[in-house]
Amino acid sequence: MQVKEYKPLIVAFCCNWCSYAGADLAGNNRLNYPADVKIIRVPCSCRVNPMFVLRAFQRGADGVILCGCHPGDCHYTSGNYYTRRRMALLFSMLDYLCIERERTRVEWVSAAEGAKFAATMNDFAEKVAALGENKRLEDLRCKK
Amino acid sequence: MSNSKKYLQEEIIRTSGVNPKKCMRCGKCSATCPAYDEMEYHPHQFVYMVESGNIEPLLESDSLYRCLTCFACVDRCPRSVEPAKLVEAVRLAAIRKQGNNRMTANDVPELIDDETPQQLIVSAFRKYTK
Amino acid sequence: MKFSYFPGCTLKNKAKSLDIYARRSAEKLGVTLEEIENWQCCGGVFTTAKDEVATKLSSVRILKDAQKKQQALVTVCSACHNVVKQTNYAMQNDKEFAGKVNRYMSEDEYNGETQIYHYLELLRDVIGYDKIKESVVNPIGKKVAAYYGCLLLRPNAVMRMDDPENPTIIEDLIKALGGEAVIYGYRNECCGGYVRMESPELAGKKSQTVIESAKKAGAEVIVTACPLCKYNLEKSGCDIPVVYLTELLAEALGVKEDTNE
Amino acid sequence: MQRIGVFVCWCGSNIAGTVDVVAVAEALKKEPGVVFSANYQYMCSQAGQDLIKNAIKEHNLTGIVVCSCSPRMHEATFRKTAAAAGLNPYMVEIANIREQCSWVHKEMPIGTEKAIILGKAAVAKVNLNTPLVPGESPVTKRALVIGGGIAGIQTALDIADAGFEVDIVEKKPTIGGKMAQLDKTFPTLDCAACILTPKMVDVAQNEKIRIFSYSEVTDVKGFVGNFDVTIKKKARYVKEELCTGCGACTEKCPMKKVPNDFNLNMDTKRAIYIPFAQAVPKVATIDPDYCNMLKNGKCGVCSKVCAAGAIDYTQKDEFIEEKYGAIVVATGFNPISMDKFDEFAYNQSKDVITSLEFERLTNAAGPTAGKLLRPSDHKHPEKIVFVQCVGSRCDACNEKGKEYCSKICCMYTAKHAMLTRDKYPDTEVYVFYIDVRTPGKNFDEFYRRAVEEYGVHYIKGMVGKVVPEGDKLIVQASDLLDNKQLKIEADLVVLAAAIEPDKSARPLATLLTASMDTNDFFTEAHPKLRPVESPTAGVFLSGACQGPKDIPETVAQAGAAASKVIGLLAKDKLTGNPCVAHSNEMMCNGCSSCERVCPYGAITYEDKEFRMPDRTTLMRRIAVVNPAVCQGCGCCTVACPSGAMDLKGFASEQIIAEVDAICK
Amino acid sequence: MQKITRDILVEKAVSLLENGTVCCVLGWKKGEFDYDVTPALFESKEEIEKDFVYDDFCGANFSKYLVKKTIKAEGKILVFLKPCDTYSFNQLLTEHRFDREKVYAIGIPCEGMADINKIRAIAGDGISEIKCGEKIVVDTIYGDKHEIDAKDVLLERCINCKSKKHVNYDELLGDEGEVIESNRFDEVARLEAMTPDERFAFWQNELSRCIRCNACRDVCPACTCEKCVFDNPKSGVENKAPANEFEEKMFHIIRAFHVAGRCTDCGECSRVCPQHIPLHLLNRKFIKDIDSFYGEYQAGAEVGSRAPLVNYTTNDLEPSEVFEGRGE
């Protein structure tokens, strides 16, 4: 029987000003990263509600990554500082509930860091793929 | 830099707690030092030589024992480098070596007089011996 | 008011007057100094190296004894004060060092809780110069040069006694005692310290600079809180008297001659 | 239900090489709401845009998705296309299948599959898009300049030149600022007063400019284009409109021992004073801390000698409310206190002075009438030591100084040294420096001249200690290049004290909700691209309040700030970004979470009456977003516990729809 | 046993009502069973004298009721606040949820409240009567009688009481207490120390019992939203009942995150949970993390404080550093 190769599903939230531009730059420089990564554009990383992250997991995402401007460089001056706190606490809570911590990540990627964007996505996709399917946040009672 | 030099440098940076890279080479430590004229290597040179790993000459130098530990350089350094602590760490690296005590109990009677305060003797022992 | 008191080795020997006048004056001002029992010498100089632990244990023991009595600690000798205070600062701020020290110590953990006063701080902050002024019976009436040296004031981040470059704590005391405080440039410069042992010439030069500076400013007497400073100045040909500040204080308060003895 | 058109671009082979564009167009046709789908070689070309326009009209499209290059590239293009066809431009979404798909993936099946998913996400979003119309707000065509130094003066003159009214608020009794205290200016050595005072007069005479001297801004409300500002005119006890500036009062006032702050307290003035001869406005001011009449009602001399009857001992602080469209901050700088640097003996000797004090000592209108005399004994100094970098470039752990380079000290010290040698060739001049920093037009040449032509001794090294001894100052210093410790017997020591923002800047920043760095310098909207704007819309920065600056730079920045203000005031209405936050008042708790995270102060609260189903009414506190101020980051939407706050164009529902489409 | 008696509170309530200081009284009222004490609004002396109770079952925190009640009330409302309740009271004031002027708050001391489940474990089913006095005396329908020491059956939150101090009141009855060094984070630390699989099993066992009755939300003083996200079809997380297995977990994470930084750790959620899920362990996890990441913060300790999630410093911990330095 042929087993279908497992492909992780990764949702990447990218802020419009730095990280989305960084992703574009990765494209301009033809830097490969897995097609499993799907980017959603948001004005600022601080627009990402923890509920969106949970929603993605609920719907079957295997990993969720947020990318924003480097601390201090936020287009809106302070947005990513709030992101940093919110996600630090959310990720810690997910870990507490035993959602594998490698499934979540925050990375600061500037508009000039196309290479960092690609490298980050490659690394993240690899780590998520190694974990396999997201089962714990998709299903609690049945899948044992 | 050779490994042994590097090790010595790391040791001195660790025991002193000083980061010589913070130095901006203003020379205020040497400007401030009351023992400057008696020193072969001056406080700013200590900082620079530790940073560049050129520590052997310092180990050999009497300058180590001219620092009065008056902390004037520590207080006045605009970069919070604290040169006196560096001198102290190099001095310890020197006297902690076997047989490198600079003074022994036998030397003392000759060096003191009736008024010599105990404080001077114990301080000197702290400074010259391990 | 009771305080733990650490005199240090020199005060039990060559600098007895520094100790005796400190106690007498304190009593007169309503403060009792209770000497720590079985204390050991502080070592004379503080070794700044982070890996020097054993040499600082005696200071920690002194601090712990004061803590056990729930008293603040008073020191007089500038050197002792410097060593004990720097050790306490390291116990507060250098976790690794404090950990090592506490492993040596058998009893409860100590993390720098004891408050330390130099005798001068006791006079200024606890007793108050106004009260001292009221207690003066023999106003000094001389031109007195305060000699701070290095250990009282530096490193300022630790000592926090006064402006290290333009101190007033002794001058204000001199004024309270009815003397005229002489300000001179080298009052916070080192006397040459322990280097006297190996290089009397260097120590001599440093001390002479201080003496000349004080004399030029018109000093008739120099006061200090440090036995080594006094020794160095005196050995370097100082032709005006160098006295301990406690002696000056005792004289002004009229307790220099103890009628009980 | 939307009627959505999908347009898949080939971008030549850029997309089509890795993505089967036909398959993408086909697949997306099956998505809910999609009624039309097409593919074309270059969607951004005229022909491509026409294809979109025609489809919009033909199929009555209510939204479109363009699968193409990055929205950062052509979102604006396609929005215009949509608008040209009568569709609201915010009904356009872009699926980025070039930069984030075809260019980063190699195999056609993978690229195609991903492009379809990205397309689906865009369709899912458009399904929830609503037409957005940018908000408009009127512009009050007047500007406020806070600070009347050279920065404020130049900004005000430039704005007035363009025909707009400007008010200057200056806390001192006269405008002029620091520049009025200077003697000469580097690198040309023209006299500061000669170039500044004509500008001050211009300000006074300009009909478009009003000066509120001896005044402070106490409250700021509103937003870009519509600021409501309260200005406190402090009581100067002199009627400005009557005072002729004749100065009779300042000569007759019996209170002579008032420290003269204009001369940095190196001499005295009277309790009623005009700071200097060319003051603007040239009006006397009474110092209430010293005036006997105000303190105990005994005197009244000035009132008796004033022919104009301008003295009014009963004057009170006056509060004025004004409206402005733009605010320029020009609050300037001050030298730091030298209290923590007494190794240089500033507090121990009168002959240790700061460079600004040196300016006054050499200024013809200064306390020594321009003769360089020591403050202690008024003797001519024969040896002067200048110390650079006092309090600048300090380590962050160092509690005494500033981390930054104060920028102007190297040049003014070279100037002082040069002028001293020029006027008094018998005076020896030493400059102790760490580095000499002279990046500016003709700056290094100037410094070299000081050394080569004027024989100033530049010594690399720092001064460690200054000891006052007799009438000399023993300067103990390093000569690093000679590896020596020097002891110089100087007559005068001049400290190049670091500069810091004026203390009034921090509370002002709070009033303006303008951000500051840890040093209390105002932050720019962008350090390179928007250097004269604050992140707070409508607030502009001029001069040293933004960072250390010399006069040419200050004037340049003042002009730049003015041009930004003019650009704003030239508009009748401001059009905002329609993608702004919006609070649903039915769901709002009024809890203030959103307000706390808003970097722009765009959110305010009001008590609103709600009619309940049982016909009773109740008052509730609700958040209101000012669309003219909101920049659309969306931080508030996450802070809001109830979800009342949402962001137009990036609504929670829309983002969730994208997540769902991707994760399907 | 409580140090302050019902009679003192009744006397106080009646006098304030009669002298017109307040128009009504928020207090505890006996329910169907002795242990089933419910919050009630009393408007007359008669009602108070008849139904007001104060004993070891008066755990209910009234702060939340003030949001709706103060809007309607004509005059001031008298509310009795135990120390832990005052923190919720302050937090709601910080969030401008009610008008302080419309409340007359009396701080009352609390010796800890009893956990009926622990009593049941001792006395068994069929409890017919409980009297709170020196001892808690329980009668059952089977004729058994049990004398229980109140200290042995305290609510979890009372065992780990964090403060006996009232942080807000108009009047205080009894002595003022102190903030207590509690061990309330020990259980969280124990869970953190588990292997991921053990922890997963723990939470699976706990959360799978959730029946989405919403009791935790309805009682929570931090959950006062005009419209709850779980009731809002547009929020993306609306659901009334767990439609699939993921959702009770989702519900509890979202709820915990919603109150993170605002939760005062009053413990009402766990007290009212009919399925005995230790919900406070989720909230305390956030509190523990906030304390260790951003410095100690107690929500409600003072009015107007800036909650950690609407605040930041430029050198905050990175999310990637969350798992560093825990010896993992």
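Observations, loosely collected:
By letter and in written order, the chains are A, B, C, D and E; residue numbering begins at 1 in each of them.
In this section, a contact is a pair of C-beta atoms (placed from the backbone, for glycine too) under 8 Å apart; a residue touches a chain by one contact, two chains touch by 3 or more.
What you see is a predicted model, and the numbers here were worked out from it, not measured in a lab.
Comparing the CA-atom centres of all chains against that of chain D, the greatest distance is found for C. Judged by contacting C-beta pairs, the busier of the interfaces A-E and C-D is A-E.
Comparing the centres of all chains, each the average of its CA atoms, the largest separation from chain B belongs to E.
Rounded to whole angstrom units, the spacing between the C-alpha centres of chain B and chain D is 48.
Look at where the CA atoms of chain B average out and do the same for chain E: the two points lie 62 Å apart. One finds 24 Å separating the Cα centroids of chain B and chain C. Note on chain placement: the centre of chain A and the centre of chain D lie 36 Å apart, centres being C-alpha means. Within chain B, contacts with two or more other chains are made by residues 72. Shown for chain C are the residues that touch two or more other chains, namely 157.
Across the assembly, chain D contributes residues 343, 597, 639, 652, 656 that each touch 2 or more other chains.
Listed by chain label, the pairs that touch are A-D, A-E, B-C, B-D, C-D, D-E. Of all residues in chain C, only 8-10, 13-15, 41, 43-45, 47-52, 55, 77, 79, 149-151, 154-157, 164, 189-190, 192-199, 202, 206, 226-228, 230-231, 234-235 touch chain B in the complex they form. Interface of chain B with chain C (complex): residues 14-17, 34-35, 38, 65-66, 68-72, 74-75, 82, 84-85, 88-89, 92, 102-103, 111, 115-128. Contact residues on chain E toward chain D in their complex (touch as defined above): 71-72, 94-97, 224-229, 232, 234-236, 258-259, 262, 306-307, 309-311. The part of chain D that touches chain E in the complex is made up of residues 586-593, 596-597, 605, 618-621, 639, 641-644, 652-653, 656. Residues 157, 163, 165-166, 183-186, 213, 216 of chain C are the ones touching chain D in the complex.
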